[in-house]
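Which chain is which? They are A, B, C and D, in the order written, and residues in each are numbered from 1.
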Amino acid sequence: MTIDLEALYVDLHRHPELSFQETRTAGVVARHLAELGIEFEEGIGRTGIAAVVRNGEGPVVWLRADMDGLPVRELTGLEYASTARGTDPAGNDVPVMHACGHDLHVTALLGALERLASATDTWSGTVVAVFQPAEEHGAGARAMIADGVLDRFPRPDIVLGQHVTPLPAGTIGVRSGTQMAASDALTVTLLGRGGHGSRPHATIDPVVMAAATVMRLQTIVSREVDPRDVAVVTVGSIHAGLKHNIIPAEARLELSLRYPDDAARERVLAKVERVVRAEAAASGADEPPVIDVDHTLPPTINDVHATARLTLAFDRAFGEGTVVDPGMFTGSEDVSWFAREAGVPLVFWFWGGVDPAVYAAALAADRIASDIPTNHSPYFAPVLHPTIERGVDALVVAAREFLA
Amino acid sequence: MTIDLEALYVDLHRHPELSFQETRTAGVVARHLAELGIEFEEGIGRTGIAAVVRNGEGPVVWLRADMDGLPVRELTGLEYASTARGTDPAGNDVPVMHACGHDLHVTALLGALERLASATDTWSGTVVAVFQPAEEHGAGARAMIADGVLDRFPRPDIVLGQHVTPLPAGTIGVRSGTQMAASDALTVTLLGRGGHGSRPHATIDPVVMAAATVMRLQTIVSREVDPRDVAVVTVGSIHAGLKHNIIPAEARLELSLRYPDDAARERVLAKVERVVRAEAAASGADEPPVIDVDHTLPPTINDVHATARLTLAFDRAFGEGTVVDPGMFTGSEDVSWFAREAGVPLVFWFWGGVDPAVYAAALAADRIASDIPTNHSPYFAPVLHPTIERGVDALVVAAREFLA
Amino acid sequence: MTIDLEALYVDLHRHPELSFQETRTAGVVARHLAELGIEFEEGIGRTGIAAVVRNGEGPVVWLRADMDGLPVRELTGLEYASTARGTDPAGNDVPVMHACGHDLHVTALLGALERLASATDTWSGTVVAVFQPAEEHGAGARAMIADGVLDRFPRPDIVLGQHVTPLPAGTIGVRSGTQMAASDALTVTLLGRGGHGSRPHATIDPVVMAAATVMRLQTIVSREVDPRDVAVVTVGSIHAGLKHNIIPAEARLELSLRYPDDAARERVLAKVERVVRAEAAASGADEPPVIDVDHTLPPTINDVHATARLTLAFDRAFGEGTVVDPGMFTGSEDVSWFAREAGVPLVFWFWGGVDPAVYAAALAADRIASDIPTNHSPYFAPVLHPTIERGVDALVVAAREFLA
Amino acid sequence: MTIDLEALYVDLHRHPELSFQETRTAGVVARHLAELGIEFEEGIGRTGIAAVVRNGEGPVVWLRADMDGLPVRELTGLEYASTARGTDPAGNDVPVMHACGHDLHVTALLGALERLASATDTWSGTVVAVFQPAEEHGAGARAMIADGVLDRFPRPDIVLGQHVTPLPAGTIGVRSGTQMAASDALTVTLLGRGGHGSRPHATIDPVVMAAATVMRLQTIVSREVDPRDVAVVTVGSIHAGLKHNIIPAEARLELSLRYPDDAARERVLAKVERVVRAEAAASGADEPPVIDVDHTLPPTINDVHATARLTLAFDRAFGEGTVVDPGMFTGSEDVSWFAREAGVPLVFWFWGGVDPAVYAAALAADRIASDIPTNHSPYFAPVLHPTIERGVDALVVAAREFLA
């Protein structure tokens, strides 16, 4: 192995970058690709990179890793913890951390590329590696597509991707069907009428309107969705008013919605709109609320046949029992845009990053939820080994399964 | 009259200043006092001024005017509309407007002082004029008291004050008993547990906690206060969360409470605390919410005997029918600190600033609430005449009633 | 005095009758009227009685007492406590108690009639005594009017009435303007869609719809009515569903609304309708809710001039300090139908029935609300003396004030 | 076939009986068992019957059918629709309908018994047929166990049962793991303080307390349960108050809770209790609410190995594609008490009763939920063929799979 993967990972972890600002990260990737002699292009979709290893006839397999960090202040206490800062879209100076593990994704994909490029006698076909920016904004995949990545590189026959997750290191989690939820981000502006806090009758109180709306939105999941279906209606932010004694004119809610497929999306969106409008009417609002869909992420749906093949391939490579069904995740991803756009199958799997002994102890104590830091936590800290190795191996095994 | 009161008012209106920043205003007042040859001190309670006219034996009558403007962008379209800006306590650059009419209060008090000072043959006793800062923050009266105003000037036998209000110009509104409500400003911090928006079960959602709290707080007024009593529980601001898909760890509510007296205050505060704590418990919060009382304003209670004397005096001076019972106002004032601290009676009255024809038309159309801009509105614009004159006259009549 | 008023009261108290079933009570009244030689008619408005004492030229004064008891099981422990039972409108056998003091009203009116009839040399004019049924149903006054009482007897120049209340015995409470609230009784039927409790998504849950409606209705009083105005929105009953695991198709709410005048009535009714409809819409109801106004009671508004005359007359008769301002009562009465229909003034006052020492002790301990049983309580038990005497005297004084 | 199964079904459908009142039904079963010469006992668990076919060495297979109807007025319009009436536990005369298809269950089990009893050369072992009362009350299985059915008959090696459901006729639905939810029925009594509707401040309003509780209970499912888990919190009934203007002292909620296993049960029950207690505290209740668990149904968990064997057996017997995964049902059953008590595996499957063409049309129009009447609907009407035959065959195939 030419690349010291542990050193690479530690370096990336120390230097996280916010979405669409992954210039140093892309530079590190480019330097390694150049050293490996692999063909690549930079600056696709602003800060993305794609690389290609052409090895004769055969299927085209795309391997995707995302590169961006998060505006989180790292609290892991690790020797290599991030102290980086960045400028968020609102112009604020914020701490930055690889709290979602994309540093591991980049590390594993570079490792897998080296392995595949150095063993071209064992496979034929084409491997395209996509180092994607801005997954956290749900915008990077579409930016790369808009920038022509599907035309500038061999079009995929299959798209593969992976994500490190709080499963025991060594374990792979994958299921056919919906693996990650579709999601929408909505901003709802409730329009009331402001006035002095001592004279509520002269106002249309948007704080009460907002509170009633939040309470009513709960009933969509509790009453209107089949209890066996997955749906999430989160109000992630609520903002109204400047001070105690002034009733403001507006309230703003930011919602995050999750569902397993496009049909459920339509149903839930319609319900949210119905509730929001009716609650404004209940308040006697003069104007209906404004509902903006800020961004939409598609469901990450694993192809049933490709998933079955991959499951068996992982079993053969890593032993039976390595693959578990992680259930559907209610989090969302933008990787599937590549497969949707190309009209080809996708498989997206999870691989574990938690010390198995720690995991087992937490499980025994029924403290998984409280004791194992999840992605986006300031305490998120995958163990380096065997996490790095399993990430590399999984990509190599998966790529070979679909190459000739 | 030495002072051109209209010019003075227009000048003050063009140059409003935020609470405790009334340096230009105080300078204008000082210049006029000096020109009138009236004894005064500046810088009492940071930017306050007190002046005294000593005229032999007799009662000491305090006349109080407040001086500060509000962080409101003026929309009156008046030729003399304010374009001033100021720096609010949070350091933000904000527009400033005399949206509460304190410019009129200062104008009327200076006019009254000149009248009283130039007619010392018609009364005896002592008049103290208090130009108070920071009424809008509920802090100026206490700041002047803390700075010794009650000791540095003759202690009052009675405290008198007035406020311009959306009654027809010419009309005076006053009642005995509670004229303006007591109020408290509370900040409630609800403590949940943050997490990813797709995994609500791993969080204690403070947005839902806040919404449920707001809805439950409504029941204090609707169910727990005697329908015949005045009580207001306003949630003037609600803030939680940064973005759609992150459930925050906390929510912050700012409440403004109003009641007619100290006993009601205790009852309502206890109810608010009960509701806030129980709703946190309903959410399974690990920690109880934090409730801070940011500031407290006492009730403005007019002395029954002094109010009766004043009512008759106004009737004699302005004709029967001039005085109306405006009802209790749910807004609050800090003028009563002077009288409470000195242990003397207070009378605080309202005087009208709306063109009587406009008022009558709005009344006939049942559009008072919608058509007549109230104090704190960006459209608040008292007519100059006879508002200025009535404000001066009212102070003079009132002062003389209680002087010898 | 011919009539033994204490014996009469005890007899009536022992034999309460439900609304429109006051046949025994009416019989007792009729027997006494006959013994006194006073002209009367029975059966007016089903079980009502009116009597007339004609005494030459002069005003016609109507004195009204209501006669019905309540479906309450008496718990006073009094020697003369009621053990009576009756059949309520739904056909149920229920306990009956004079829990509102109408037995005292009848007693006092008979006593006053005897006094007036035996002293015709001290006044001239006409006294009409109305013994009204079914005040508790808000239906008796209209029933008597529909039955022609205003035509069959001399039309009033003024209508007077009184109600025993938990003030100290001896005290009279009266105010000009709204003395008792207007009220409406509404039944709201919320239409959902039923189904099995395990499949909420296949239903439109009327229990949640009802709960959201109840919570939202609170905001009418807490946010939409001027805090200085009196308004009550009570949901007195809520009913939906038969068992745990069946989601019902409907929910039914019964509301009692209170307001000081007809304008407020219109405003609040419109708000209630707005909230109820919007909450059904928020639930996605297929059909709008059904709102029925079951009955309406007008405000009891005391004529300002007549009240002033009466206040002075009571002061003269009973000493200054006898009359207090009881504030507006949020309970309602149907007495004003007589005055409204005739287009004449009304005065309706309260007189105290609590042992003054007991009252003073409760007041000192701030335990009035908890320790003094109010009207409709199963513990309601006016002291006999001086309550009976003061009730008689008040009617006589009041009648004479308005007679010649 | 001796028994005319269609005639038997039609007869049972015409004569449904309520829970624990299945005497006619049991009589019909007994008559057929007697005609078939099968050993049986009546009156087990009040109205239950068990029958046994002994056929040499081999496993003991229990086949269970439930017998009771529901208090539903049949609206199917079928020629053989029920017009029966019964007396419910509260003593009310109510219409009765086989709205859950238990008539089919009895028919199929008698048919299967005859088939097995007439083909004893094709299997060996013991078949026990359990005709259980009162499944709808969740009480019949335990009643039969309490009455010794597990001791009076050969103890099972496996328990099998089936339920007709709105799948296409011919289809069988079964899954390993939780097939039907565990459930609890709770009654919550909220204790307030009653009073007159015009004086809410003198009461602790249980209607508002109940409404707030219902709204807050929604957040358990919407926020506190993993969106991927199944949980239902239904408030099936809410009752408080007698009339518009009396605020009652109590409110009563009846809840139906659903979860996949015993651990989830404990978690959700704790959350419900937390919310209910906190909402009472938010209302300032003097006494905590009373929470009664009225009955508990265990989860119906299909043994993973037995379900796999059965799935393959059905595939062989009826063709591949016959068996579908119906998902977990949120409804509950008491059949698993037999297997839990005996400590043996259970398989409980569904079989379709809807005309396949009707089903396909509804599916195409996305109108399954609206157009296909489900169990407990007054329109529930399985097609007779091939539903009866498939029900018999399924039992015979299943029994033989586990017999020698």
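Basically, a residue touches a chain if its C-beta (ideal position, glycine included) is under 8 Å from a C-beta of that chain, and two chains touch if they have at least 3 such contacts.
Values in this document were obtained by computation on a predicted structure and should not be read as measured data.
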| item | value |
| --- | --- |
| Number of hops, subunit A to subunit C, where each hop joins two touching chains | 1 |
| Which of B-C and C-D has more C-beta contact pairs | C-D |
| Euclidean distance of C-alpha centroids - subunit C vs subunit D, Å | 52 |
| Whole-Å gap between the CA centroids of subunit B and subunit D | 66 |
| Length of the line joining the C-alpha centres of subunit B and subunit C, rounded to whole Å | 42 |
| Multi-partner residues of subunit B (each touching 2 or more other chains) | 198-201, 205, 208, 212, 215, 218-219, 222-223, 227, 232, 258, 330 |
| Complex interface listing, subunit D residues touching subunit C | 181, 183, 185-187, 195-202, 205, 207-208, 210-215, 218, 232, 234-248, 251, 254-256, 258, 294, 329-332, 369, 374-376 |
| In the complex with subunit D, residue positions of subunit A that touch it | 215, 217-223, 227-228, 230-233, 258, 327-328, 330 |
| Footprint of subunit D on subunit B - complex, ascending | 198-201, 203, 205, 208, 212, 215-216, 219, 222-227, 271, 274-275, 277-279, 281-284 |
